[in-house]
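Per-chain residue numbering starts at 1, and chain names A, B, C and D are given in the order in which the chains are listed.
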Amino acid sequence: MNSAVLSLLPAAVAGVGALLVLLVDLVMPRSQLWQRPLGVVILLAATATVPVAWTIGWFAHTDRSGLPEILASIGVPSPARVLQVVALLGAAAALILLGHEHREAPGGLSVAVALVLVSAAGAASAAASVDVISLVVSLEVATLPAVALVALRGRRGAVHASLSLLMTSLVSFAVTVLGAALYLAANSSVVLSAELVGAGLDARTTRPALLLGTVLLVVGMAFKLSLVPFHAWTPQAYREGDLGVVALLVTTSKAAGVGGILAVLRPFIDPPAPFVLAERGLVLALAVLAVASMLIGAVGALRQTRPLGLLAWSTIGQAGWVLLPLTALTDAGRAAAVGYSLAYALATLVLLAVLRRGRALPGQHLSDGPEPAFSGFLGYVRRDRIGGAALVFALLVLAGLPPGVYGLLVKVGVLAALTAEGLWVLAVIAVVGVVLGIAAYARWLAAALGRVPERGAEAAAAGRTAYGALLVLGAGCLLLIVLSVWPALVAPFLH
Amino acid sequence: MVLSAALALPAMVGALLVVFGSALGARPSRWVAGAAAVGSAGLLWAGLVRGEVVDVLWVPDLGLRFALRADGYSVPFVLLTSLVLILVVAHTAYEVPSGGSAGGYLGCVLLVGSGALTAFLAGDMVLFFLAFEVVLIPMWVLIGRWGDPHDLAARRDAASRFLLYTAVGSTLMLVGILLLAHRRGSTGFAVDAVQGTGPRAVLIVLLLVLGLAIKLPVFPLHTWLPAAHTIAPTGGSVLLAAVLLKLGSYGLIRLPVLSAPEAFAVIAPWLGLAGGVGVVWGGLVCLAESDLKRLIAYSSVAHMGFVALAVSTGSQLGIQAAIYSSIAHGLIASLLFILVGGLKHRWGSASLTVAREPLREVSPRLGAILVLGLTASMGLPGLAGFWGELLTLVAAWSPAPGRPRSVFVASAIIAAVGAALAAAYVVRVLRLVWLGDAVAGQRGRPIVRVDIRGVEWAVTAVLVAGIVWLGVYPYVLLDLTVVAPAGPAVAP
Amino acid sequence: MTGLDLAFAAAAAVAASAGLLAVTTRHVVHAALWLVVALLGVAGVVLLLGAELVALVLVLVYVGAVVVLVLFALMLTRAPIGPDRAHAAGPGRTILAAVVGGATTALLLSVLYPLAGGWPGQLLTRRPVSTSQVAAQVFSTWVWPFEALSLLLLAALVAALAVSRIAARGSTP
Amino acid sequence: MIHLIGPFVLAALLVGIGLAGVLLRRNAVLVLIGVELILAGALVLAVSISIARPAAHAASSVLPLFVMTIAAAEVVLALAVILAVYRLRGSIDLDTPSEEAR
């Protein structure tokens, strides 16, 4: 079997798993206990198929018999597998962090879990796409469940956030389809192949359409990453969505977006022959998207007073960081983008798990009322040793400061990819992004490290132990620490 | 292996103290931290004597190696850091700043020390940058958490200013390092220097100098320093002055001067001029400053002006002068900050506008050491400060060929004027503090009659010995730094 | 100009003008009805271009389903039957929309013009795509996206059922 | 026999009109109509390729078919969300900020 087809195996497992959840629900409509464990097991199984598909793909790379002609000629590069793992494990973490509200939501946990699985299947499929048709379909499979999940919290704000996300995704979908049509018109094929793109860029008649099509495809997927100007839905959805759904948005949804963008840019990154000067317009478009997101996101984050607002705006800024190295259109840039996505996803998951622990002042759980402001985290490190240490570490990873070494290394990787291609102007602009980001995270950090207020400390300390949150938090921190000490662990898979 | 252990020991102990320090109590954590600092110093000594070199590929994607090695340029800084670390830990026996547990404080101190030692020993530019960044957060916590308890807003402002300025500087430096590494094909220090003065080479040097000038700091990028020094607890101020600023001077020598000498020559006159102006500016502010701690901080700006001027000359003598000035300033500023911190502890503030009892009478030992520290700071011959300033002026008089001599001579004259200002403000401080103008026991105020003794006495005595030793026997340091480093040759 | 060109031009004119009316009319319900006309025009165009199956699905899915659903939504949300002043856009927004729309059209034309071989471009033979050809492709080359599509439809159905029950639950404020 | 420029012009027009509609409208349903027009433009573009490029003959029909199916799925969910919003808030105006939004 060919690696391009085998790489869809994880997506297939997750998709069949979603059907399974819905079927079991028909048999046991009342129980609310089995859905989450089953969903997590399915996602772990799907994750396990990623290396399996990989290994077989290695051994049988030359055998292309019985496959559709053109698709068989393209191999899926390994960064896509890393994104598949991020998407699937992120979805598992999302299931673990899913709030109790979803039990009472219409359809109960079964619908929520099935939708998470479908979204994961779509993201895994998007990362492995080798043609624009699969890409367009996969992205929608990843997106629509997320839209519904935001709404399913059932609150007024959540439904409105869902509408905002939906409208953005509809417009983006239309842009993506237009890009796909232009791509088809220019290349006479929907396959994302380096040979075809090379030929298309050589001909003067097809080059503008090809470049515009590529840019539109990237722009159409930009909303999944919350890139400016498709970021408006993000703050509302993060604030109003359930923490588990936010976890889905920051991992699976992002992985789908990054995977899609990588699939579209792959012909430019892995060319059979170097295209000189052909990509200038493309580089400019990517750079504008990336820089605008990085700066606007960071400035927005500076104005927040609440954790989820900060996370939402910093997501916009971090999305700029993910896209930035891709402007280099090199293998090193792609590795930097995927490495950055990995660090971002892990650190944000840890922060969400800390929020789910719900030990901030004044003793409120997130599900019970409005989320605490930063001031609610005053002296958090003293009150909750485990949560506090994880909070500080994850924030430092996002800010890119030691001891969050992995967060710093991926930032160095981004800048190295840019400087290697002579894009030092972007690297210097990125310095502004670094500092604004640090300033934004420092406020939450300062509150957590600050002194404990005199009263109310005991009330807050008595939070109930959320074992799921502890699991996500521990696993995320452990991975980040391992990657900080030994970044070479994932490095081979990023190329 | 020994070198790695010497760095890992304070890092591990520091991290453990940060997490579990509050449960340990002040005295045990001091012993633990002290053991870590002394142990690290011992291991470092062993590693340096054996001439050990560590070189392991760490991040293959970036070509980043975990490479440690020492040469004549880094050894002085390593020894200074190691000594200051021990002294700061010991000093907590006299005073633990309020704001948190002693364990947490000592943990942060050890982390700062470990990061700085790594930076000085780094044989890889990106590793140098990473170590540079390691120092950032513990120092930020030291200022923000254990800083001056009187003014919360000022503390927050000082801490975030320190964090953001340094982050700007280090990230600019990172971009420069990456461009340099791409140009040289390796992130190691020990590669051939970049030749030529093409626009790209000048850009690289500009980024490096700009980034490091914030850290050093060079006028007019110094505005983070007075706030941070004033607010930081005594140990934090000492670390800032003796260790963090030295990261700037060491980086300037190691990166632009040695790695791209020809392109650096294009920018050097501006750096030299900024250094000279910084000396005068620092002196002028000191003349009018009313807070003793802030005054010492501004005198640091002046001293770092000398370092910038020395570095910019680009000659072997200039580099030696820069290292000499840095080490001397490390010792002198540490001494002064410990003394002033002690005074602040005794008086409750360090304001010069309040009439005080003459130190000469109430605390003669403290007064005598303060006189010695301040006169060393103004560059009295026979003490450490003198040689650094003298060598700098000599180096500026004859800069490396290819540099506009007139600019350097002018800078040297400006700096000399600044050095004269130092005498003026030192005399002013001595008159106010040492001679005093309040009669003991006046207006019913209690007489502060706690002279320096015990640990504080021992710590200051060590620093005084160092200052005097370097003052009367400068060759100990000059011989060390004259050895050509195991890297690219210095510009002729 | 060939006869096919003329027929095409007629259908295209219907589609474009109806589209323009659909986005500018003040009557909310009229907008949906103009969309029907525009899509029927597009279906005619597609038929003239030789894609029978696409034209058929366009009429069935869009006109038969999408537009009906849109009209349902308009009625259920009690959209006014007459002109809707509340949803009138300000002049600034109108100009912005017109400029962006016009610029997009111009950009696309500038990119597509060389692709068509200039004016009036290549004269090409109409080559109808048979339904069996499409079916063969869908079930061989595109079998994965086709399966993913069925998953998507299922998910959308389940999700829509659940979401539409949010209100019926009389949700918490 | 047909000229290729015709479908291309129509596609460009439909996309421009649709985009203008998206930007112009505040009612969620009307925005949806704009989106459908953009999709229709892309669809015309894709279909017209079949006469120009023999290599893309069948794919030019597959893409529109899949896109239409997705659009149908989207509309189903969109209407459910719009109805939910209307019931909870009494308005489907996209510009009105939610009261809970801070």
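Just so we're on the same page, contacts are C-beta pairs under 8 Å (C-beta built on N, C-alpha and C of every residue); 3 or more make two chains touch, one makes a residue touch a chain.
Just so you know, these numbers come straight off a predicted model, no measurement behind them.
Determine the chain that sits nearest the middle of the structure, using the mean of its CA atoms as its centre.
Closest to the centre of all protein C-alpha atoms: chain A.
Round to the nearest whole Å and give the separation of the Cα centres of chain C and chain D.
That gives a centre separation of 5 Å.
Taking the mean of the CA coordinates per chain, how far is chain B from chain C in Å?
That gives a centre separation of 68 Å.
Please work out the Cα centroid separation of chain A and chain D, and write it as a whole number of Å.
Spacing between the chain centres: roughly 26 Å.
Report, in whole Å, the distance between the mean C-alpha point of chain B and the mean C-alpha point of chain D.
63
Going through chain D residue by residue, note those that touch at least 2 other chains and give them in order.
11, 15, 18, 32, 43, 45, 48, 52, 59-60, 62, 66, 70-71, 73-74, 77, 81-82, 84, 88, 92
Which residues belonging to chain A are in contact with no fewer than two other chains?
133, 137, 140, 144, 147-148, 151, 155-156, 159, 162, 182, 185
Where in chain B do residues touch two or more other chains at once?
Within chain B, no residue contacts more than one other chain.
Any two chains that touch count here, so list every such pair.
Chains touch in the following pairs: A-B, A-C, A-D, C-D.
Give every residue of chain C touching chain D within the complex, in rising order.
Against chain D, the touching part of chain C is residues 2, 4-5, 8-9, 12, 15-16, 19-20, 22-24, 28, 31-32, 35, 38-39, 42, 45-46, 48-51, 53-54, 57-58, 61-62, 65-66, 69-70, 72-74, 76-77, 79, 84, 87, 89, 93-94, 96-98, 100-106, 108-109, 112-113, 115-127, 129, 133-134, 136-138, 142, 145-146, 149, 152-153, 155-157, 159-161, 163-164, 166-167, 171.
Which residues, counting only chain C, touch chain A once they are in their complex?
Within the complex, chain C touches chain A at residues 107-108, 110-112, 114-115, 117, 140-142, 144-145, 147-149, 151-152, 154-156, 158-163, 165-166, 168-169, 171-173.
Okay, in this complex, where on chain A does chain B touch?
332, 335-336, 339, 382, 385, 389, 396, 401-403, 405, 408-409, 412-413, 415-416, 419-420, 424, 427-428, 430-431, 434-435, 438-439, 442, 446, 449-451, 487-488, 491, 494
Help me check something: in the complex, which residues belonging to chain A touch chain C?
On the chain A side, the touching residues are 5, 8, 11-12, 15, 18-19, 22, 68, 70-71, 105-107, 111, 114-115, 118, 121-122, 125, 133-134, 137-138, 140-141, 144-145, 147-148, 151-152, 154-156, 159, 162, 182, 185-186, 204-206, 208-209, 212.
Which residues, counting only chain D, touch chain C once they are in their complex?
Per the stated touch rule, the residues are 1-21, 23-27, 29-30, 32-34, 36-37, 40, 43-45, 47-48, 50-52, 54, 57-62, 64-66, 68-77, 79-84, 86-88, 92-93.
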